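Each structure below appears as C-alpha cells.
Shared between the two complexes below is chain A, which has chain B as its partner in the first and chain C in the second.
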Partner chain A sequence: MALPMPPGLTHAEVAFLAEMEMVTIVPRQRLESIDLLSGQTPPLRPPHRAQLPLWLALLLKKQRRANIVPPPWLHPASLSEIIHRETKENPQTFSPPPPPPAHANPHDPGHARRLADADADTILSPPFQPSCTASAPAGYLPYHWLEVAEALLAHAGDDMAAPAGEVRSLLRDLVEVRAAKMRSSTSVLGGAENGLMELTGVGAIELAESRGFVLGVVDGVRKIGASAEAARREDEEQGSGIHDDGGSDDDMGI
Partner chain B sequence: MDIDDILREVDPTFHAIPQEKRDLQDLTRAWVAERCAPELLQWPANDLFERVNENIKRQIEKVEEMTGDMDPKTNFVLIVLQTELERFKYLVRSYLRARIAKIDRHTLHYLSTDDLRSRLSEMELAYATRHQALLHNHYLASFLSSFPPALQNLNDTAGNVTMIDAPDLDSAVFVRLLRDTAVEARDVDVDSSTGGQENAIYILRWSDAKPLVDAGSAELV
Partner chain C sequence: MSYYDIDSILTDAEKIPCTFQLDVPDLGYLDNTPTQTLKTGSRVALPLWLAEMLAIASSSGGLDEQGKSFVTFDLPPALGNDVVQALKADPRAVPLRDQSAHFYGLATHMMDLSEEQELATVLRKTYVTRATEIALHARKVGGVGHHGKSSADEGSNLGVGGAGEEFLRGLDERERRLFRKAHDGAKAGKEWMENVKKH
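After this line comes the complex of A and B, so read on.
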C-alpha cells in the first residue's frame, strides 16, 4: 500500500506532469465543451485555435480530430539560438527560464502587468503556466521542454514547422550540452564558497536524471563536514558573544 | 448577467484562476512536495481533499450514467472523461501512498508530539495509532515480554540516545522560488544569504527550505 519509492520524482512521474502542460491545437472537427474535473474545455470550432492540456491534445491528434501547433521555442531557429547561447554566450549556466506571462494594463497605458498579480494567493507554476502554447515566447526553454518536445515529435511529427529529423538532431545537441553542464555543476559542490547552489533554468527531466547523484553528493559533503560545521557554529556563537562584550565596553566608554 | 459581468469578460486584466484549476495546481504541488520532501508535510488545511474527492465521486457517477447510451459522439466524450478521471485518481492515490510510506517509516516520531500529530489527517492518525498498537502488542507477545519491564518500551530516550527514529531534516532538496525572496542557506564552511529571483532553482537543506515552502514563496521540484 505504501509507496515503495525513494524521495524524488521518477521519469514516469515527470512525464505525467508534463502531460498537463497546455498546448495550442487547431481542431478538425467540432466538439462541444466537456465538463472536466480540471474545468470546462473550450468548445472546438474549426479552424479556431484552442488551448488544451497535452494529454487531451495527443488523444485528439491520435484520432485525427485535431492538429497540434508546436510551441515557438521548438522551431529550429529558436533551438539553434538557444544552443548558441548555451555554448557560446553562457557556457557555464543554463539558459534562463521563460519570463512570467504579462498583459497590457489598461489602468496604466504602456505598462505591462503580471498575470499572476490578479490572484496573489495561488501562484501558478509549471506545468500550469502557458509556456508550451503557440503564444509562448521563442528562445526560452520551459521547465518541461524535453518531455513536451519528445511527446510532440513522437505523436505529432507531421505538425512540426520543420522536418522532424532536423528538430530531433537539434534537441539531441541541446540535451548533450546541458547534460555536460549538469555534470560539471557538481564539481563546484565540494569547494563552493557560498553554500547555495543554483540551477536556474534546468529542466524537469534533467533534474530527475541527476537528482540521486547531486543530492547524494550534497548530503555526503554535509555528513563528512558535520563535525567541522558544528565546531564552526560553536566558534561563531562564542565569537558573537565576545563581540557583544566589546559593544558594551564601548557603551561604557561613551 | 449585468453590466459588471459583461465588462469583466472583456477586461484583459481580469484573469481570475478558476477554482478547478486552482485545486489541480494545489493538488499537483502537494503531490510533488510530498514525493520530494524527506519528512511528512502538513495535511492541506483548506478542505482540498474533501473537495477533490467529492468531485471525483460526482464525475464517476456521471460516467456511469453516460455509459448507458451508445451514441458514438458521446462515446469519445466518455473516453476523455475517463482518461482525466484516471489521472486525478492517480494523483490522489500516489499522494496518499507517499504519505503512508513516511508514516510507516517513522510512526513513533510522528505520534510523539502534538505538533507532529497535527500534520496527519484524521484517518492517517487513526491508522498510525492503531498500526503502532498492533505492532507493539505483537512484539510484546513474541519477545518483549521476556525482557525486564524497564526494557519493554519502544520509545526509550534514556542516556541521550533516543529509540525513536526521525527523518533527516538536513537532507538536500531542490526548490523553485515562486516569488522574489531572500534565501538563507547553511553549509559546512560558510552560511550564505542571497536575494533569490522568482523562478530560480536552488539546492538547499530541507531545514532551510521549509520556512520558504511553508510561506508559499517556494515549492519543491
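After this line comes the complex of A and C, so read on.
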C-alpha cells in the first residue's frame, strides 16, 4: 500500500521512541517493582533515586508521585558550553556525542575500558545508552537530546536546575545554530567528485526535519552527474585508461 | 529518464536550435516559406525529443552514402555561454526559471547527448549552492525559528523578504520540489515543538 508520507520517521514517532530513554527520578511514594517487557523496574523507596524509562517517569510526575532529576547536560552552564563549542570551536561539524560508558580496569590502574569490550551483550545504540540519567556526562548532547529536553521542560519544568525560561531560550539558540549547520553541510557535495557530509553528533529530531531536504539534494546531485557517471563506467568497462580519479565506489562489478 | 515521468515529458518539450543537413521537400513551412522545400543549413527550433531522434538516427536507408544525421543541434540559449558565466560568478543571483522551467532536466538531457564537462561541474556547484539558499528561505518563509538569536541568519524576516521572493520566483521545477521538502520539514518541526505540552 502506498502511503503518502515521505520515507522516514515523523517528529511524533521520534519523540515516542525517545521515551524509552532512562532517566533518574526521586520518588515521593513507595512503589513496588513492575514487570515490564524490557525487564523489571527497580522498587521505589523514597528518598532513594531510581532509574526509570522516561514515559513512566513522566506518568509518575503527572501523578505527583515522583520528581525527575534533569540530566547534567541540560544544565544552563552545560548548554552554554555546548553552544560555545558549536559556534566558535567547531563551526563546521556538530559537537561530538557522549562517549560510551566505561569501567575502570582494576588490573590496569589509570586506564578505563569500555563496557562493550568486556560484555558482548551491552547495547550501545541510543535509547539503551544511559545518556539522560543523572550520571550522564555533561557537555555532550545525546541522540535524543531535543525530545527529552522538551518533554522535561513541558512536564517537569519545576524540577530543572534553572528557571525553565532560561533553559528554553538556550535550547532554541542551540536548535537554530545546528539547523544552520545542517543546511550548510550539503555544500560539501558541490566540489569534489565524492564529497562526504560530516554528520556525527546529529540529533534525532534534526534528522527527521532535514531528511527530505538532504535526500533531495543528494538525489539532485546524482541526477546531474548521471551522464558523466554512465560515460565513466562505459570507459572502465572497455578497459581504456581514464584520467578520472574515480574514488572507491566503483566496485559494483559490471 | 523514464517514459511516464511528467517532468521528463515536459523537459523534452523544450525547443533547441537545430540545423538541417539535407533538403526536405514540403517542410518549408517550418522556416516561414510554405510550399517550398526546406533547404540544407536552415536553422529551426525543434522540440528536444524530435531533435534527439533526428540527430541520432542516421539515414541508413541508402539515400546517403555515409549515413549522416538529418539534423545537428546546438545547446539551447538557456544553457548558453553568458548563462554559464553568470552561474560561475554567483549561482544564487541567476533566476533559472526565466531561462527554462526545467533547467536542470534540460541540462542533464543535453549532457547525455553531448560531452559537456564544464557544464557538469558548473551545474553541480550551482545546484548545491542554491540548495543551501533554498533551505534558508524554507526556514524563514514559514516564520519558523525567529525566536532567540539568529546568529547564522542575515537579519530580520522583513529585511530578507524582498530579495527572498525574487530568489524564490527564479527557482526551476526541481528546486521548487526541494523547497517544498525543506519547508515541510521545518513546519513539522515547529508544529511538534508547539504541541509537546499536549502529549
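To be clear about the criterion, the second predicted complex is superposed on the first by the 219 of 254 C-alpha atoms of A that agree within 3 Å, B and C clash if a C-alpha of one lies under 4 Å from a C-alpha of the other, contacts with A are read in each partner's own complex, and residues count from 1 in each chain.
By definition in this document, contacts are C-beta pairs under 8 Å (C-beta built on N, C-alpha and C of every residue); 3 or more make two chains touch, one makes a residue touch a chain.
Please read all numbers here as calculations on a predicted model, not as lab measurements.
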**Study point:** Touching partner for A:Pro43 - first (chain B), second (chain C), both, neither
**Key:** neither
Practice item. State whether A:Gly225 touches chain B only (first), chain C only (second), both chains, or neither. Key: both
Practice item. Based on the superposed arrangement, let me know which partner A:Gly165 touches: chain B (first), chain C (second), both, or neither? Key: neither
Practice item. Would you sort A:Arg183 into first (chain B), second (chain C), both or neither based on which partner it touches? Key: second
Practice item. Using the touch definition from the top, say if A:Gly239 reaches chain B (first), chain C (second), both or neither. Key: neither
Exercise for review: See if chain A has more residues touched by chain B or by chain C, and give me that chain.
Suggested key: B
Review point. Regarding the shared-chain residue A:Thr87, is it in contact with chain B (first), chain C (second), both, or neither?
Key: second
Review point. So, does A:Arg211 touch the first partner chain B, the second partner chain C, both, or neither?
Key: both
Exercise for review: Under the contact definition given at the top, report the residues of chain A touching chain B in one complex and chain C in the other.
Suggested key: 211, 215, 221, 224-226, 228
Practice item. Name, in rising order, each residue of chain A that touches chain B in their complex. Key: 1-5, 7-9, 13, 16-17, 19-20, 31-32, 34-39, 55-56, 59, 63, 65, 97, 100, 103-107, 113, 115, 118-119, 122-125, 127-128, 143, 192-202, 204, 207, 211, 214-215, 218-219, 221-222, 224-226, 228-229, 232
Point to revise | Residues on chain B engaged by chain A in the complex (per definition of touch) | key: 11-18, 20-22, 24-26, 28-29, 32, 35-38, 55-56, 59, 62, 76-77, 79-81, 83-85, 87-88, 90, 94, 97-98, 100-101, 104, 168, 170-174, 176, 178-179, 183, 185-192, 194, 197-205, 216, 219, 221
Review point. Which positions of chain A touch chain C when the two form their complex?
Key: 6, 10-12, 15, 87, 150-151, 153-155, 169, 172-173, 175-177, 179-181, 183-184, 186-187, 189-191, 205, 208-213, 215-217, 220-221, 223-228, 231
Study note, to complete from the structure: chain A partner, complex, touching residues on chain C are 104, 107-108, 111-112, 115, 117, 120, 123-125, 127-129, 131-132, 135-136, 138-139, 145, 147-153, 174, 177-178, 181-182, 184-186, 188-189, 191-193, 196-197, 199
